[in-house]
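Note sheet for the following structure.
When the chains are written out, they are named A, B, C and D in that same order, and each has its own residue count from 1.
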């Protein structure tokens, strides 16, 4: 398998070529055949990732391939080198695998859209960017593709750009991400200023030489980037709006590419975070708040995709908790399992939408179990996995995170995470029950729900299998195959011993909590024992708080957007029009005025111009002769 | 006096006389014929200067193509409209001749006092003969040292061809340009759509259940196709 | 340059000119007879045996006719234009080699007037000058039909000039020289095709160029089926409508001399010129040129005239691309031959 | 001057150039002005080739070759403009074309 070290470039190249071909030729030649290129290309990428993974797993050492030197500026060398260690290998499998399934799904989903070729140009470009982000061996390359991922998400969220809401959502995603990226960029610059290098290996080697304050600053700035990309509080607002993009894009963003980038980045740069306990604590706290807030919001939403979206935010919060608690492997493990069930949930809701002609509101669904059995069962598996029901994938990884937080000495955070787990289970099963159980609340006269075509159902089945089984690579907890695989990467970080008793205890607790959530959902939406409306009434302000997403958007609107707009208006009215334009216009008027004097010389007669030229020639030649220039002697 | 000098004076005299004829002839066709005569004599002088290839190029390009084209245009343009030479502008004529005389005096002085000479080149007559003649020598020089300029010249001629076509048939070129623009532009997202802040009633009428309320009671317009909201195709868009 | 060689060259040129004139005269007879046979007629057969004295009778008749100058003609140009045509026509023959050299009166005499290293281009240059006789004649007549004929001719000759020149580039690439003597020498080698040993005539290695040259040459000499400038049925004889007497005969002469010169050049460039067994080279050259002349007459007797747009379309859309393809292919083969590919 | 020197060719060049210049200055017909410009270009070529002959260098000849190529391009565009001019304004008199003033 070692031969793959020379062929690593295939992994990013295949999607790039697909993107380029569809981009350049798509409009007038490829059109509806765009998937003929894109799907196999991402497939190739996935197939090439497998030997890379096997090689890394077998030899326990990283693979590198130097492609070229991007910036050779004296001492400052930025090589583009592909770097695959265990962490990257896992990410590669997740990214390319999920992306491939999403591509396959998209063939059926986007079929017939006038932007078909455009979609299949952006999608591989997204995969390329993410793969390069994962493969980077250097902060600058990482940053470039960090931005490229942002750009692709902008393009894809705004794919239906004729819809104002989609265009706005795309802009929102881009701008919110830019805020995080700004911090990230400063962090990278700070690294370069203090250490003089941007290569991972050298940075991690020298990070100990820095003062505690500097490391904390760098770590927090880097984490700002992760907050933006991975949708943590307070920058998570873009992710639910990103639902405006086509559903496969949501699946891609939520499961494989975009949002995992932040988690991956923190894990990748863990030596920096390990050097700063303060930063670790901040990460854990932000994660806990995110997990809880997002879970509560998800409970109150009616838009099926938004429920799943807030669920993503919440799960990303869990990953951040793990990162902050130093349970690195648990974070990656959750990322890995989450990719399966989150992609599954999105594709599942996509096929619900497909069956119901783009219906999104769960209040107008119900009883779909009978019409779309395949979608139902796969969605159920995904939901159960997300809710952490034993023995599905989510249970193992989430449980490990909570245990990790507990043993790392963050009991409060562990408790918050447990509370969030209850809400997770509640909103997940709420979604299942509202959508698939109960009476049919959709317009049965016009809508005939049905399971989707094979290109869409195959990914569902594959992902459902993954969601059910992926957890077992990490069994038994803390000692699983997955942990042994990733251990070399996180060698040398403090490792808290976990006693089997703790593990078992927390396993039992979270199972109970998950089942409690399941029961609550069933009671409210299937058995009818509880009236959701009455509960909402009782909770009053708390319910409204959650329903309005904790007023984050409104606060931003009031505190940032409106003052910024006001300031911009001031600049426009006063500075731009009053001073700059006035100066420019004044200069122009001056020119006009002086030109009025000179225009008399313009007779419009070519003959006169020619005469002037000839006169000039005679004078210049004469001047040369008289001045005794050496032109002629 | 050597025979070469005699031949030179003969050729140069005819060339100059013919050139004067270009300026003096009333009829532009006579001017053109004079110009041909002048060019042919200059070409003969090129032969004397060991530039056989240029002599032939001069005849083929200048007399064989350019002046023929001038004649062509002369005949297409209405003959009656050709302005007379002595168009009642004696001042301009006088100034022109004066300037010409002044320049001639200056250049003559420059030629006669000239002393600056560059280093002699390596293409002696023997060296030229060694590679097979003038044309081979020029070929070697042209396609090694002057590779880039000759490519640029090719480009210039192409541009001139297109320019001439544009001057002659603007509508033809514009049609092609429009097609090319449509086919080869790559457009990124170009937001054009429906404002969600508008009241629902003012939105386009729902077509086939396409308009609906999404979660959060927000008006969501599902516009999968361009036709729904835009009368005009987006810039560069091809409708299916 | 020594005086002796110069005088010999002049003498040879003089002889050549006279031979050309004689040949031209009998070319008219030959054409009339042949076309008559093609059309199942007899043709001129009264003047002398087989009508052989007919050209002389024609010449006498033309010279003794009245020389008419139209009232609104541009007189000077009207008088000069046919002379121009007539003078330029035989100039091309000066570079045709009629053999290597012979010894006459104890003196080495080259059987060509001049051997310049731009001979082929010189032939093209003289050809491009020939158009002036037509365009000036058409213009000077002060007659719309003549002007139209002249304009047509201009466009046609410029277009086909290009094809004519480009069709020869393949030969230049293969010989590495523009001198007709060099080209002739290159054809005296043998071309081995498989087991077959053939003379290295360029008709074999440049068949496409040969066809292009042939077509372009016919157009260049304004002969049927490309004789649009003088189309009797549309332009009442085009640019020489107003000409009469011996001025008319100059145009007439020029056309036939052009044919002969082009045939000689074609025979030299593509058919190995003087190359051939048993007999002196000059007879071979004559025989080969005769083939072309026969071909000319045959074409005239057989093909109808092109429409004008077809004519221009053929030159720019068919022949020119083919010529470029031929150049590209020849270049590639040549590079492959010297091992650069 | 019993032998040919560069001065001969330079004088020829100067004479042709100045004749061309005078033509440009005095004539009104666009086409004749055009021909005079060609004459000036050709005069410059004579200088180039004369210098090349004097210095045993090919640079002058090659420069002249480029001048011929550029002259061809100029002829194509120039004549195209003349055609457009006569079609639009129905004149080729340079004194009647005064759009440059606007």
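As a convention for this text, contacts are C-beta pairs under 8 Å (C-beta built on N, C-alpha and C of every residue); 3 or more make two chains touch, one makes a residue touch a chain.
No experiment lies behind these values; they were computed from the predicted model shown.
Undergrad: When all chain pairs are ranked by how many C-beta pairs they have in contact, which pair ranks first?
TA: Maximum number of inter-chain contact pairs occurs for B-D.
Undergrad: Averaging each chain's C-alpha atoms to get its centre, pick out the one most distant from chain D.
TA: Centre of mass proxy via C-alpha means gives A as farthest from chain D.
Undergrad: Measuring from CA centroids, which chain ends up nearest the centre of the complete protein set?
TA: Of all chains shown, the one whose C-alpha centroid lies nearest the global centroid is B.
Undergrad: Any idea how many Å lie between the Cα centroids of chain B and chain C?
TA: 33
Undergrad: Suppose each chain is reduced to the average of its Cα coordinates; what separation in Å results between chain A and chain D?
TA: Between these chains, centre-to-centre, one finds 66 Å.
Undergrad: Centroid from C-alpha atoms only, then distance chain A to chain C, rounded to Å. What do you get?
TA: The separation of the two C-alpha centroids amounts to 77 Å.
Undergrad: Of all residues in chain B, which are in touch with two or more distinct other chains?
TA: 53, 57, 65, 69, 76, 92, 95-96, 99, 103, 107, 114, in rising order.
Undergrad: Return the residues of chain C touching two or more other chains; collapse runs of consecutive numbers into ranges.
TA: none
Undergrad: Touching two or more other chains, which residues of chain A qualify?
TA: In chain A, 607, 611, 614 touch at least two other chains.
Undergrad: Quick check on the complex: what are the chain C residues that touch chain B?
TA: Within the complex, chain C touches chain B at residues 74, 76-77, 116-118, 121-122, 124-125, 128-129, 131-132, 135-136, 139, 147, 150-151, 154-155, 158, 161, 165, 176-179.
Undergrad: Could you pull out which chain B residues touch chain C in their complex?
TA: On the chain B side, the touching residues are 27, 29-30, 33, 36, 40, 52-53, 55-57, 59-60, 63-65, 68-69, 71-72, 75-76, 132-136.
Undergrad: Residues of chain B touching chain A in their complex?
TA: Going by the criterion above, the answer is residues 92, 95-96, 99, 102-103, 106-107, 109-110, 113-116, 183-184, 186, 188-196, 209-210, 212-216, 218, 220-226, 228-230, 234, 236-240.
Undergrad: Looking at the complex, which residues from chain A come into contact with chain B?
TA: 23-24, 27-28, 31, 112-114, 154-155, 158-168, 170, 301-306, 357-362, 446, 607, 611, 614-615, 617-618, 621-622, 624-625, 630-633
Undergrad: What residues on chain B touch chain D, complex-wise?
TA: The contact residues of chain B facing chain D are 1-2, 4-5, 8, 12, 15-16, 19-20, 22-23, 28, 31-32, 35, 38-39, 42, 45-46, 48-51, 53-54, 57-58, 61-62, 65-67, 69-70, 73-74, 76-78, 81-83, 85, 87, 89, 92-93, 95-97, 99-100, 103-104, 107-108, 111-112, 114, 117-125, 127, 137-138, 141-142, 146, 149, 153, 156-157, 159-161, 163-164, 167-168.
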